[in-house]
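What follows is chain A paired twice: with chain B in the first complex and chain C in the second.
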Partner chain A sequence: MALSSIDISTEYIGEIVESSTSQFTSESRELNGAPPFGSFVKTLGALPVYGLVFNVCTHSIEPNRRATAYGLTEQELREEQPQIFELLKTEFEAVIIGYGNDHGPQQVLPPQPPGIHSFVFPCTESEIKALTNSGDFLRSILCGNRLPADDLIIASVRNAWAARASDMPYLVSIGKDLCRLIRDDYDRLSSIMRRISQ
Partner chain B sequence: MLDYGLLKRQIDQMAVDASTLQDDFFARIDLACSEMDRWEDAWETLGIKIARSRTSWLVAQLGGPITEACPKPSRPKELTVIAADGSQIFPDRHEVANCFLINIGYVVIHYGTGERPVLNSEPTLFYDEDDLYQEWAGKRSPITREVVGVRRNAMELEKVVTLSALAHTEGRTCVGLTDGTLILWMLEGKPYDFRRETLQATLAGLERLRELRVPIAGYISDPGSADVLNALRVGLCPEQPPNCDKCPWKAAEAQHLLDLDGDSEPPAPIPCEPIAGVTDDMLYARRLKRGERSGVYRSASKILEDYGPHRICFFYVHTGWEIGRVEIPEWVAKDRELLDLVHTTVVDQVDKGRGYPVVLSESHERAIVRGADRDIFFKFLKDAFVKNNIKTEQSLKQLKKMAAAV
Partner chain C sequence: MNDLWNNLNGSPNIQDGGEIGVVTQGSLTEGVEMKLNPDRSVEDVKAGKFVVIEGYKNQFFSMITDLSLDATNPEILLYPPREGDQLLHSVLNGSSTYVTVALRPMLMLEQGEEIVDEPRPVKTIPSHFSKVVEAEEEDVSRVFGSEEKDDRFFNMGTPLDMDTPVCINLNRFVERSNGIFGKTGTGKSFLTRLVLCGLIKNKKAINLIFDMHNEYGFRAMKEGGQGNSFVKGLKQLFGNQVALFSLDPESSRQRGIQPDHEVYITYDQVAVEDVIALQDELQLNPTASESAYLVYAMYKDRWLRQLLSIDGPDVEQFAEDIGANKSSLSALHRKLKRLENFPFMVNSLNGADAVDTMMDYIDRGIHIVLEFGRQTGMLAYLLVANILSRRIHEQYVTKSEKFYASQNPEDQPKHLVITIEEAHKFLNPATARQTIFGTIAREMRKYYVSLLVVDQRPSGIDEEVLSQLGTKITALLNDEKDIQGVLTGVSNASGLRSVLASLDSKQQALVFGHAVPMPVVIKTRDYDEIFYKAMGDLSDEEKMKKAEAASAAIFGD
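Let's turn to the complex of A and B:
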């Protein structure tokens, strides 16, 4: 999607606050408004960067102030302790699985990390399809550091499958890719396969 | 650098002394409570005695029975509470430039509506000659920390007034809270024109709130004041009228001390002395139940003679966490609806803040300028000066502080 066709002020879901070649962290635009675990996101710029959300956390904006329990429902908190919602923020981390150039999404790490303060958007269905047309993205997940790899594979494959209107042949081809990647650990492979199709 | 060994011995001794004093104190508080009960019906007589007395301490002026205790009224479901607090970077002649900064943190929290609150801060840099040097009583001198503090207080109040007026125009029920006293006692003894200038600004703000009928209150946590206790001390004095300057017991005590031979009769104890040292919060910790407030008293601070209709009154309140002192202008004290609104707001705020009004702690959090902020401020200043080709210099003292050699 071209930058000009997006209303940046209303459609972005986060803003990058930490960036590296392999991962980035974004502050969610809304409290508790992070994209779901395992969803595909992108940043816009000269070279768009694509990532897969692998961690979401909500915490105090100030390091020396911790959230404490109030014993109230969210509605009661919004009415009687509204300031706390201004003192919390939601952040999400994404592992980078590719970047875009003139030929479309490429499943390799970008030459430069996405810029700090870049806005983050959800990927469109066609982008998700392009990023997951082969099982290469699964390799990025399995090779990543400190990723909840199995659950991330399950969530991302289900998202990729949903983008293809639950097309069965696609699921079978991804299943074959997984077999090749995790062939030395049958129990792990069967657990992942079972949970994808649940 | 502290010598912990030497210090620890002194702290231990201090604790021993304090525990001895504590036992004596409980007896004093008991006596003060029974004195309070003694004046329950005859409070008007005590009020007249206070009005006629001349004491060396501040004495609360009674407006009702001294034993009065009012339960917390219910809070309006929809309520807006506003507060401002400030902090500053004082002028420092050892730094790169002569200037100072006041940062006003302010919050507007709407309760019962689910609306987003305003939590913000606004820094103001003062660098003009007029800001850095002031001429009062014909004398020109560099601005002092005390004057920066007074200016900061005025800016805090101004912010509360502006935000309260805005909330009022939006048709909201609102209460403004400030941190600490509304009595500008620090102006006593200051040059007349400085005092007038500061008072005018403060009173203009209070007048605006009075016109809008928006209550404002100053909350004092852990108050060390003893105005009500002092009223009881007046009650104990057998003199008619009590006059500390002509106290016969004090005179006898002085005479005894002057007697170098030490063979004179020990003087009779001063009648008001047995309850001296007790503070109002100790007294009210015994008298008030959770949520209750005391009666409303007028403060006798001398500066209040210039306050006109905004003369400051106060009450104590059992917040459930401590006895706090709440100061209000007289027009709030006389308007039962506004008084109740302040009472319920303060208790609710302390409850929400778990010990301290949440609007005050949040505005403090917004206002605070930490060491790291201060360093960045001076870095910005230095960078801006360098970019504009202005010569900057830090004093040798400052440089030494940054890198002290061994």
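Let's turn to the complex of A and C:
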């Protein structure tokens, strides 16, 4: 997608603060404003990089300090201690599932990791469709380190399915790919499929 | 949502002639296996169906012999998806749970090759992942020929779920003795009538039919029919090409039929072999034949008349005179007395001898149906069929030897096909070696006579005879022994076994052997008005018109 078509100043949802070939971490633009777990995001650089959000965390901006419990509701806190919200930040981590070139989104790792301070945007429906037209993205999830694989599969497949207007044959074909990838682990398959379709 | 599911599970997309699966494994001896495409429902794939495997160089014409449900993970079988869990059901279908179809390649043709004469047996197997497609109409006519091509071919029916006719090659059919088998009520008589019509119409052989139940000559009952439940017999279809002989003229007349000839047999025409053939029916002792031969040695052709003319107490004296065992001869005498009850057994003939008349008809190319009328007992059937066939065969042997000596085409005897029902009575292992039918079945067409064996109990037929039968047309058989019997002499019979046991009980038959390039399951041709027309029969109106035209031609308007 051309950079010019996006209003960078208003539409970005995060900014990359840590980057590697397989994963990146972004700071959310707003506190508690991270994209949902399992959603598809992208960075816009020389080569757009596509990722899948697998972890969201909110903590103090200073590494050595922790937030303290006040025993107040958020509303009361905002009225009495508004400064503490300035001392917190939300970060989200994404596993990289592909990058874009002249032929559109490719389901392989990018030649270079996304640049630090690049902005992060949510993927469009057509990009989600292109990234999930085969079950290859499931392999990236299953092979990734320290990923909550089953839940991430459930959330991402639900998103991909929603992008296709809940098309049943698509869900069945993804289910078949998954079945092969998890080597006929019947318990796991039935649990995942049940939770996807709930 | 429900519509979506219906598309996935309930009614898979079925495209006619489309790909139904791919070959996954197999061997030349065991046949090949195919994984069914997940979009095909297993319930649409039937045993016996005719399919084509598209190899790189060859097409393999194959028959589906078995189907099995498989799963990659035994756990799925222990904990099947819950009812209503259609998503999981669809996901598993074709991936973890799948259908394997066993195929038996029956015939191999190079792409575009035509069958010239001898079909080539399968000598190799298709490579991995070769496509398996449903046979198309042109494949069927390429393999089985078509009636338009040649008068060799005769339409017997269509493959399962198809409309193209499957033809048998009648030239090859009459080269050997053949068999028609099936349980009672599966349409054996219809199949037989169909084959006989083919032979008569295409003039491939002269038929002599021993019609035990009076169902070939004139009209016959149609089983399960509604309304008009009679069908036409051969005489009605082929008119004066067929002659009706009757053993029981009274019964024929009662049914409104005027037989062309009445058949009587004199006691002098009964040979000792004919009596031995009745061993089972008359419960003769093994020594009976020895006693009979002793009588024969003394009285020659008059032996039976002589034996039966003696009354009870004199038999022992008679036995002493000829040096036979008293009790054995009196048992034989007692049992043969039953023959005197048959109205067709006479001391002397008034008219011409039945065999001479039959030979005269056969020489003129006229087919013969011998009706038994009310003489439906096995004893009468065995006796008459044996006597007549033996004598006709004797005449054929003489004729053929004359032809072999002169090599004059005019002397060549016309090929004769003898149709016998309840064949296991003639051809059981105990009697097949001694009766004339055993001889005919074994010597093939050396003397221009072959058999069409119709039977419901093939396991009762001698194995040697069964293995010599060229073409077998088999309707449903359930008994394992019968199936085994029919498949005697067939290589790679294991696949056909399941096909045979899964035939419908009506209008379906498995045809295999000499007259077809490959075994095939057919839905037999309807025996109806369309068939009558194809056989050259005219409807009543047309007959009337023809008669009017003929009379106008003779007498003027």
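By our rule, the second predicted complex is superposed on the first by the 197 of 198 C-alpha atoms of A that agree within 3 Å, B and C clash if a C-alpha of one lies under 4 Å from a C-alpha of the other, contacts with A are read in each partner's own complex, and residues count from 1 in each chain.
Assume a contact is a pair of C-beta atoms (placed from the backbone, for glycine too) under 8 Å apart; a residue touches a chain by one contact, two chains touch by 3 or more.
Remember, predicted model here, so these are calculated numbers, not experimental data.
Trainee: Name the contact category of A:V56: first (chain B only), second (chain C only), both, or neither.
Mentor: After superposing on A, A:V56 lies clear of both chain B and chain C.
Trainee: Of the two partners chain B and chain C, indicate the one touching more residues belonging to chain A.
Mentor: Greater contact footprint in residues on chain A: C.
Trainee: So, does A:L142 touch the first partner chain B, the second partner chain C, both, or neither?
Mentor: Neither partner.
Trainee: Is A:L171 contacted by the first partner chain B, the second partner chain C, both or neither?
Mentor: second
Trainee: Is A:L109 contacted by the first partner chain B, the second partner chain C, both or neither?
Mentor: After superposition on chain A, A:L109 lies in contact with neither partner.
Trainee: May I ask you to decide whether A:L31 touches chain B, chain C, both, or neither, giving the answer as first, second, both or neither?
Mentor: neither
Trainee: Which holds for A:S197: it touches chain B only (first), chain C only (second), both, or neither?
Mentor: It touches chain C, and chain B stays clear.
Trainee: Applying the document's definition of touch, where does A:F85 land relative to chain B and chain C: first, second, both, or neither?
Mentor: A:F85 contacts chain B only, not chain C.
Trainee: With the two structures laid over each other on chain A, which partner does A:Y186 touch: chain B (first), chain C (second), both, or neither?
Mentor: In the superposition, A:Y186 contacts chain C only.
Trainee: On chain A, what residues does chain B touch that chain C touches as well?
Mentor: In the superposed arrangement, which is not itself an observed complex, chain A uses no residue for both chain B and chain C.
Trainee: Help me check something: in the complex, which residues belonging to chain B touch chain A?
Mentor: Chain B residues touching chain A: 107, 109-117, 119, 352, 358, 362, 365.
Trainee: Help me check something: in the complex, which residues belonging to chain A touch chain B?
Mentor: Of all residues in chain A, those touching chain B are 62, 65, 75, 78-83, 85-87.
Trainee: Using the touch rule from the top, collect the residues of chain A that touch chain C in their complex.
Mentor: Chain A residues touching chain C: 167-169, 171-172, 175-176, 178-180, 184, 186-187, 189-190, 193-194, 196-197.
Trainee: Okay, in this complex, where on chain C does chain A touch?
Mentor: On the chain C side, the touching residues are 1, 4-5, 7-8, 72-73, 75-76, 79, 81, 85, 87-88, 90-92, 94-96.
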